[in-house]
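What follows is chain A paired twice: with chain B in the first complex and chain C in the second.
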Partner chain A sequence: MVAFDEMTGSGQELRPAYDALDRWLKEAPPETLALRRSQAELFFRRIGITFAVYGDEESTERLIPFDIIPRVLTKPEWTRLEAGLRQRVTALNMFLADVYGAKECLKAGIIPPDLVYRNACYQLEMVDFQVPHGVYCHIAGIDVVRVDADTFYVLEDNARTPSGVSYMMENREVMLRLFPELFATHRVAPVDNYPDQLLATLRSVAPRSAPSDPTICLLTPGQYNSAFYEHSFLADKLGVELVEGSDLLVRDDVVYMRTTQGPKRVDVIYRRIDDDFIDPLVFRSDSVLGVPGIIGAYKAGNVTLANAVGTGVADDKAVYSYMPEIVKFFTGEEPILKNVPTWRCREPQDNAYVLDNLEKLVVKEVNGSGGYGMLVGPHADKAQIESFRRKLKASPEGFIAQPTLALSTCPTFVASGVAPRHVDLRPYVLSGANGISCVPGGLTRVALKEGSLVVNSSQGGGTKDTWVLDA
Partner chain B sequence: MLSRTADSLYWVSRYVERAEYLARILDATSRLTNLPSDYGGAGTEWQSAVSTAGCEDEFAAAYGEANERNVCEFLTFHPDNPSSIRNCLAQARSNARAVRTALTSEMWDALNGAWLELQRFEKKRMDREEFARFLDWVKNVSLVFDGSAYRTMLRDDGYWFSRLGVYIERADNTARILDVKYHVLLPANEQVGGSLDYFQWTTVLREVSALTAYHWVYREAVKPILIADLLILNRRMPRSLAACYESISRFLDALGDAYGRQGPAQRHARKTLATLNNTRIESIFQHGLHEFIEDFIIDNSGLSNTIFEQYLQ
Partner chain C sequence: MRIRISHTIGYDYAEPARHITQILRLTPRDHDGQHVMSWRIEPSIDGRLRAGQDAHGNIVHSFYADGPISALAIRVEGLVETIDLAGAVRGGPERVPCEVYRRDTLLTAPDDALRAFAEEAAAGAGTPLSRMHALMAATAGRMSCRDASGRSGVGAAAAFAAGEAIAQDIAHVFMACARHLGQPARYVSGYVAPSGGLAAGGGAHAWAEVHLDGYGWIGFDSANGLCPVDTHVRVAAGLDYADAAPIRGARQGGGSEHLSVLVAAREAGGRQPAQ
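What follows is the complex of A and B.
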């Protein structure tokens, strides 16, 4: 299976967007490039941009490998992608409002009701609750893969607490520092206004009772969380307090921060804690990360949580397979971005096909994330395939399957020089009371192992700067 | 600002200051023990270094004998010593990491860079020369961190809490040196011209880098009562208890003004400062140097608790 290469297409041509980059790669002395790579690594280490790998005792803080060759998208490519992303996120928000409200899409038979009602992420607390300004998914990360010059698929919707946006920004920062000459020859759309857009989004969804200059904070599980660097980075760029659960208290359904001048009222919380841990009085009672009573304050309309509670029902992998129908039902339009063709193992016909073709398919757990709990058929050994066969027979409803896609590749620095490696793209889409915004590009993740299709940082993936060329 | 943020800023400074203090103790002790035995002490210098660092119990649990190798190891890299230089810098960085956004990038760079560099030192077996370089490096980390804070932080509550940490810790450190060495300074032990005492006294001064200052201030040969005066009451001496309390009181007042409210911490600091300003060294010696210092250490940690209750919890 030959993958589409973003620089060379089928391997023979040179796609125009990569023209100058190709010349630069050929002209720059290898020593210089090697030096810049080590400078980039040093930069990331100095600023402390690390992530934690769970279960890795050896090094609790690791760097995500950064590749200095940018991934380039043209303006027309981005324009279409962006339109698709806006449409998709609009539909996600309408879907969430519907499943917690009128339930029209269930009545119309767009999606089987048990997929919603029996979903672990469907929060009964949210039924018939009016979220502030009707927005559920304020920050979405939509994972997109490319298979040819014209086709982008949505691989996954992340509607809970998508991470990685700090890498998008820091990657650009490093590139600007190390390769100013490249930015002189390319008109690259900036991404550094993301925090402004995020702040505007968060402000726009403050409760109506809040003052015109609402108090916003970012709630983190703390410095041992794998994405802590990002939490502190964003709080800093937003100019808001980075709080842990123990910094907040709830009195009479109002949320306050503990400050050196006594309690201060909070209006909007950009929370990076999962639903399960956010309020021990409502969800997991053993959570020490959350804030007792915060859900009460939320439901009393005294504070906005972003994202809303219960958005996980929309990014579930089983629900994913219905997204084309969901987009069409809510927006009345044909979906601009396609889904990856997906077999729903819950349907006997589909499951039979999947069981017969395991060695060709990618099988995913409906509730898994981060590349865990996944079978990549062509790369799996017999034992792994048989273990998934047993799982599929025992609980088919827990799985979906997709063809092994030839994800596009992008030139990447590896030990042997420059070689193509598979990439995906996570653009970040913001939804506020005043509409949707999306900075051009997003985070490109790259599978550094030859032939590997798994781009997750926990599984040895790296990142690249993503350029949307303005001309 | 968040109470937790203020608390972390306070502790980042305390830990960095403490790391520097440990480096100073080790440096001064090495000098003293390197003297020919005619000039040297009773061979208890390393035990005394452990006492000055305030970790006698932990040391006794980890080692038997207080010799150069054991003490240096314990005060620099030992994992079981919560106040080893390594653990101080680790705690400082961990606190800093939790409140990254409240530090300037220069301050973070200083700490994070120090943390990365420390691991290189830790892996090496150091000879005396390298060890001396290591101690210089620690003092330098503190200087760079302190200088970054001074030069780059906004002059608001964050800065004031960070400074309070520096001065509360520094006052504690100076008092501890006096507490361990008080007997060296007592008149009964004074033997005019005894080289042994002379080097003990100058060690006390070196531990707070005050040897040159001493000569400028008193223009006299080194005398115990003047050493005590310099380290306790002289406001021109930046590590003296009086100078520390002048700063503590000033930064607490700045907080009180900014927040529009005075509290027990302000009153406590003012009272201690007044005592230091209105006392003469002779009367301290009359009433007992040891008792005075013991009371001060308790009073100083009492202020730390009051600050915690008033602002940091």
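What follows is the complex of A and C.
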């Protein structure tokens, strides 16, 4: 399987956006690259940007590997990608409003009703509830992969609490410091306005009863969460309070934040706590991370939660397989971004095919994320394949399968020098009362192991700066 | 039957609590088989009580009270007229499609033993209705019901393994099996007036309802091995106990808490003694 290379295409040409970068890579002595890489690592250590790997007992905090060679997209490539992202997120929000409201897409047979109704992420609390300004998924992270010069596939929609945007911003910051000469020769679209856009989005969805300068806070599960660094980073950039559940209290369906001057009413909460843990009176009663009564305040219309409760029903991997139809149904347009062809193991003929071709396919748990609970057939040993075979036979509805995609590669500075490694891209799409915005680029994740297709940081992936060239 | 209910849930706190928030599902609604003649909820302390409705159509009260609170009692008094409809529940608010009630939850997720038990119990029965009756009989035969006072639930799988359980977990066992057999099933909390044929009752109780094509929702009380009759007062329904619990609460401060429950459900006119 020969993958499309972002710099050289099929290997012969030099793609236009990479001209200057190629020259620079050829001219820069390897020692310089190595020096820059160690400087980059030093920067990240100093910033303290870390993430936790669940199930890794040796170290709970790690530095995510950063690759100093940027991934470059041309303006036309980005323009088309962005149009696709806007269309996709528009459809996601309309789908959510519909499944919790009129249910037109279920009546029209676009998606089997049991995929929605039996989905644990379909939150009954949200049925017939009008979310503020009609927006459900304020912050979406849409994972896309590229397979050739013109084709991007959406690999996964993240509609709950997508993370990683702090890496997008820090990566750019570090690149600007290490390689000012590259920014002098490239017109790279900035990403540092992301916090402004996020703040504008959050302000726009404040309850209508809120003051014109609404009080916003960022609710984190706390320092033991793998993305805690990002939570504190974003709160700082947004200029809002970073709070834990115990910092908030609810009185008579109104949420207050404890401050040194006494309780202060909160209007919008950018919450990075999952639905299950956000309110022990409504969801898991054993949760100590959440805020008792917050759902009551939400449903009384006194506070906006971003993202809304119950968005998980839209990014379920079984629902994903219906996204092209969902996009068409709600926008009336052909989907700009393709879906990866997906076998739904819940359908017997699909599952039979999957069981016969496990060694070729990627099998994913419908409710899994972060690369956990996933089989990459071509890279799996017999025992792993047999273990998935048993799982697929026992509960086929818990899985989907996809072909092993030839994810595009990008030149990456590894131990042996500069070599191609597979990449994906997670752009962040913001939806507010005044429409959709999206900073150019996003987070490029790179599978650092040669030939590996798993880019998740929990599975040995790294990141790169992502450039969208303005000219 | 006219059933008079008196239910007091009392909390004593080791230290005064600064604030208490509770969600109460303690108010029955009318349906074809029951008519609520009078009902009141009275907290023993000052606070704000707001009425609402949840996704299942249950009447839900939010209760907020500020401290210092050293003790709190929620007192419920009411009178309900019931008719024997052989377990059928019609004319209630159905806000979500019955497909929702095929979901497994933490408390109703089946394990291999439960799945095997369900399949065996239903094996000889022809129609979905007779399968559910067979399942109820098998559950009643397998599980012995323990008094709920001082005990909390453990969920379907653990309860089934133990062979004895409080009524709420016997309902979970039945629901886990019914859902495994493809039937939408929901949890019901309520009251049962004592009568000669009932092994468990005379107070707060829990059972299950199954949705059957052509019949609608039908109650199955596996703890007693029968479909609810006019002895049963239906209060709240949900995906499981946690979803329909009479009280869910949170508080700031208060230290450890001591719970005391006094409950009596008896035929009005006083033929039977309070429990």
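Basically, the second predicted complex is superposed on the first by the 471 of 471 C-alpha atoms of A that agree within 3 Å, B and C clash if a C-alpha of one lies under 4 Å from a C-alpha of the other, contacts with A are read in each partner's own complex, and residues count from 1 in each chain.
What we mean here is this: a residue touches a chain if its C-beta (ideal position, glycine included) is under 8 Å from a C-beta of that chain, and two chains touch if they have at least 3 such contacts.
Just so we're clear, the structure is a prediction, and the values are computed from it rather than from any experiment.
In the three-chain model built by superposing on chain A, chain B fits alongside chain C with no clash.
Of the two partner chains placed around the shared chain by superposition, neither chain B nor chain C is touched by A:Glu334. Residue contacts after overlaying the shared chain place A:Glu31 against neither chain B nor chain C. Contacts of A:Ser232 after superposition on the shared chain: chain B is touched, whereas chain C is not. Of the two partner chains, chain C is the only one that A:Val250 touches; chain B does not reach it.
When both complexes are overlaid on chain A, the residue A:Gly293 reaches chain C alone and has no touch with chain B. Residue contacts after overlaying the shared chain place A:Asp150 against neither chain B nor chain C.
In the superposition on chain A, contact of A:Tyr117 is made with chain C only, not with chain B.
After superposing the two complexes on their shared chain, the closest approach between C-alpha atoms of chain B and chain C is 12 Å. When both complexes are aligned on chain A by C-alpha atoms, no chain A residue touches chain B in the first and chain C in the second. Listed in rising order, the residues of chain B touching chain A in the complex are 1-6, 94, 97-101, 105, 108-109, 112-113, 116, 157, 161, 255, 259, 261, 311-313.
Of all the residues in chain A, the ones that touch chain B in their complex are 45-48, 222-223, 228, 232-233, 235-236, 241-244, 246-247, 257-261.
Residue ranges of chain C in contact with chain A, taken from their complex: 19, 21-23, 48, 50, 52, 54-56, 62, 64, 66, 95-97, 99-100, 102-103, 105-106, 239, 242, 248-250, 252. Those residues of chain A whose C-beta lies close enough to touch chain C in the complex are 113-114, 117-120, 122, 124-125, 127-128, 249-253, 280-282, 284-285, 292-293, 296, 299.
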